[in-house]
């Protein structure tokens, strides 16, 4: 567990123990409102993807903004269980659930919440049905449509229709529609990524049309994310967008998504200043995260950032003229906040430079 | 956080995956190698707990032998966990600079001997002030930069200035010098010895310069897993800060006396084509560093095709077709990040759970 | 933290590691429904008192039952903070908040949730007003009416009216009404206790009438609990009942409250059986709790229960004819489950003898 | 749980109340008394961690001296916390009976020497079976009932039968006998000695009977805080299981060499009449046992009128009128339950925070 020095509510942010996550509430609220206003009066609705932060307080803020489906999207059953303990009661699991242990957990959760799970395999459908029927619960099932060959899901053609029918014929299961399980691509150009993703959306739409042509009615088509929510959300036949990054935002989207800017940053402390062009901080890879790309320094956005496990290294092109003292704070915007949030047990919610709330992240580390 | 504590004796194939395993036989082997290596040397192991984040694992090495009965930790809060874990001799090879944190370091020195490295005069003065206020003495070592380009003095002269300053101030006790360097990626032991000598030599130059001023240098803390054998043979080095050797990583595979003991157990959840298996964990549970150079055990002929956030895509050469529900193990390329992402190790021996070990220093960023 | 041996969802309850809290979901749901049905179509509404369990999952079940005020009652700010992280957003704090540290926390919480706090002192009103106005938040304030002299609160006469007016005139504060902060009395006879409590209710009603006579409008009058909810809830002028024990129930009310029975029990294991009339278990005072009275043995309801710190001792009047083995399970109904829940980090929710969910208790130990 | 970690150096009057304090000077005194008492005796202290639930506090007594470098714990999970806390020699003076738990006990014996008490033949057989399965040896002591009327054999004959059984089985090692008794409430030291001798004598009879069969009895673990001085002088007792002396309780005030070091800091939040002050904590934070015989420090002339669930009602004799916002401290009648209800101790010395100590074994019921 994190063991920070406690600072009272109302403390100036610079007095907080570092390294730590700081969430600017004003920016967060603007981000949430930007996305909420897009979905206003649309057919497609938002389903906040909350595994990107693991924080029930934040999930409830996202759900309270209008025009969501009323539930959240998670990556694992363990995350759903954690959020279920915090009053969220509608989950869509972006994955398949195949082992007996997990199927038992899924059915137990289905007593307390609406649960949707994906399938891509007929024998899994049989296993789910048997367990759900025995438990006396109903599980909503979507057929996963792969984004390309050799990825999770099935092709949108006959096999998708067959699976849909198999679900529909199974006791304890309710066929709900189709879902793509999209991996974020390393494409810096959001518009290029959006263009590429139209293909994924189209596969889900194709599946919908094939199913409907076969007389199977389709309630849900879930595709896309923060990177393309306006496109996917405006596409006929799409019903929900599992977007999550929009709330805390990532450096990777910085300046590339209108009305959204980074609300979460990591505050670190200068621990060594051995040379004029090199600032060492207490926030290394384990605290700032760089699985998907390097963070951006707020004070020195052009600097080369090196993160060893426990140290941050801000490499300046030329020695700085600023007076740098040990103890000064240096801020970083993580490249991918979803990766970084998973390193912490809590986040500091700050407004106007003062601590306003401390939010626990009970879904952190719930990989099971 | 997760709180998964399967009963002792549970067979692996009944575990709910993914889980972070420790192969206890492999761990015992690694600890025995270190115990043997340092049995008769002056230089001893000071295990680095950043790789394990568990005082129980650190105490196991202390019991096995080869150590100076102490550890080093990356952070102050990690040091607290180790002192609470009964380990009194701790070195923090890192800078502690804010008054809040120095006060906490001072308090910890009532319970143990918790030393810290310095590279800055202002910092030494602040440590002195706070220690005097609290009525304790804090040991300091001069950090020397030999290669890493982060903290550390850049010259023997600067080292001498700081050592003299530490000697002159109340509340601090000058204990020695410390450096960290990276001689990994050198499978050739002779080349590792040459490089270790060269880099650690920079630290020893600072030691010599300080001693030339008549100041005794008690500790020279240098060397890591990749130089653990070499450093023990470099005259003047008193201790080695090895961390990776305990749980090991594929990239240090050339140190073939150690075995990879830290593995992620997963389950195949989908086989979109016969030679593709999709596993139930991904980058969040691993880190880029763990994923790079990772290998797969438990299913033959398998390579890693892609590591997504929450899934891993495996490719089979056809030797053993994937089956939905089958388990596999991932051996990490680089292990260090994983205990910072998981809340429990499941210790297994001969295919069953032997113990569940908490990771209490997970998240100890402070 | 508790360190139990993990058992999968679906496990038979007898296989769970002991001592541990077992909640029978069928009974829990009946209890919640019993109380909800009383409040249906009444003017007075339920405000579930959630400090008696500390469990957000359970709090959300209580709120989802119809006819609550939409918020919960807590004893401390720390409990409100914990539940706030789990999506509860309306709190009534059954106490006064006087120190600068706590007033800062109160105002920060008021940005994220509706918060009602009690006052019994004019200078506290001034402190709250100053802080709320500076923070730009609104805090709802009720005047605490004491249940008898020398207890928290003021007399229902002129001093209550003066305080109400002072609140009404204060920036940042909204006068909301009156509250009694009732201590559970050690009265085994519920009807006698109910009779005594009519006096307390009357004091709050008196305060309401005095305030209204002075032209101050009163929104809320909060009195009573599980022991008298039907009486208090049917009394003219009462608007909310902060009842909580009804959900998990206590042995002290056993058979004394229609439609309510104990849903939470402690399961322990026989560790020694040294004599035929004495059974020793692994559940002592630290695990079963006896601050307010002795627990009842389920298997041997007439037995004399002795709890040392770490051992339970079931003293039989005569040697039992049952075959008792080491490892057998012995169940206890705590006298006061509120005390017992505070000893645990989680509860096992069970249905039909099988584990269905594990609920975290994040508000446990939040005395601050 | 709470996670309150005020910065070291914070003055008490700036703490957010209520908090559970440790007066570090008083604790040091208590630890020094024990270190001194057992400095030259054969019998040593084996501190009971049920009263402290913190390996850091246990390690402090081990460092101070007077102990056999081990502890006893009420529960198996508490023993795990202590082994993780670097304490290898642990006795669980309690019965562990389910196979799940025995397997966990066996696993723990790979890391430490964790003994358990038994009073039943079936239980010894199960321990033996599981230990053999796991390839470890578990030390067992026969528990003797001398007064408490809970676990324990009721006769020397039964003790001999069980000792012989333990000697005959693989995977278990017979180590000795153990008893717990309560000689508290006897301010007269001579009377405490007489009563201790009488009760512990029952345990020694079992020892003698076992030795008469030619079975060596290595450990006799008897005696508690109230008999700590007496037990050390009873020939044959090898160790004393003292717990209360560390943080102390008002009801043991007759042991005036020890000081109450565990206190609850509160704030007056209401003064309905000049001589009544209402404080911001109650029974939930204390327990009935802590509330009974509790006293108040910090405001003169104050007695406890009523302990409600979440508030405490104090009455003043008029010496010092109550003021809303003022702080006070409660000294518990009986301290044992409080560390099971709180998540942190705030260690204070001379009015400021010296260290924040986690209570990791809080809730270790298993």
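Which chain is which? They are A, B, C and D, in the order written, and residues in each are numbered from 1.
What we mean here is this: contacts are C-beta pairs under 8 Å (C-beta built on N, C-alpha and C of every residue); 3 or more make two chains touch, one makes a residue touch a chain.
On a predicted model such as this, the values are computed, not experimentally measured, just so you know.
Enquirer: Measuring centre to centre, with centres taken as mean CA positions, what chain is farthest from chain A?
Expert: Chain D.
Enquirer: So which has more C-beta pairs touching, C-D or A-D?
Expert: C-D
Enquirer: Can you compute the centre-to-centre distance for chain A and chain D, using the mean CA position of each chain? Integer Å is fine.
Expert: A distance of 47 Å separates the two centres.
Enquirer: What whole-Å value do you get for the distance between chain B and chain D if each is reduced to the mean of its CA atoms?
Expert: That gives a centre separation of 35 Å.
Enquirer: If you average the CA atoms of chain C and of chain D, how far apart do the two points sit, in angstrom?
Expert: The computed centroid separation for chain C versus chain D comes out at 30 Å.
Enquirer: Among all residues of chain D, which ones touch two or more of the remaining chains?
Expert: Residues 4, 7, 16, 100, 104, 358, 360.
Enquirer: Using the touch rule from the top of the page, what residues of chain C touch 2 or more other chains?
Expert: Touching at least two other chains: 3-5, 8, 101, 362.
Enquirer: Can you list the residues on chain C that touch chain D in the complex?
Expert: Touching chain D from chain C are residues 1-5, 17-20, 51, 75-76, 78, 94-99, 101-102, 120-121, 123-124, 146, 149-154, 181, 183-184, 269-275, 278, 280, 282-283, 285-287, 290-292, 306, 308-311, 313, 325-327, 338-339, 342-345, 362, 364-368.
Enquirer: How about chain D: which of its residues touch chain B in the complex?
Expert: 7-9, 54-56, 59-60, 63, 83-88, 100, 103-104, 106-108, 110-111, 133-134, 347, 354-355, 357-358, 360
Enquirer: Which stretch or stretches of chain D touch chain A in the complex?
Expert: It comes out as residues 3-7, 16, 358.
Enquirer: Help me check something: in the complex, which residues belonging to chain C touch chain A?
Expert: 8-10, 55-57, 59-60, 81, 84-89, 101, 104-105, 108-109, 111-112, 351, 355-360, 362
Enquirer: List the residues on chain C that touch chain B in their complex, please.
Expert: Of all residues in chain C, those touching chain B are 3-8.
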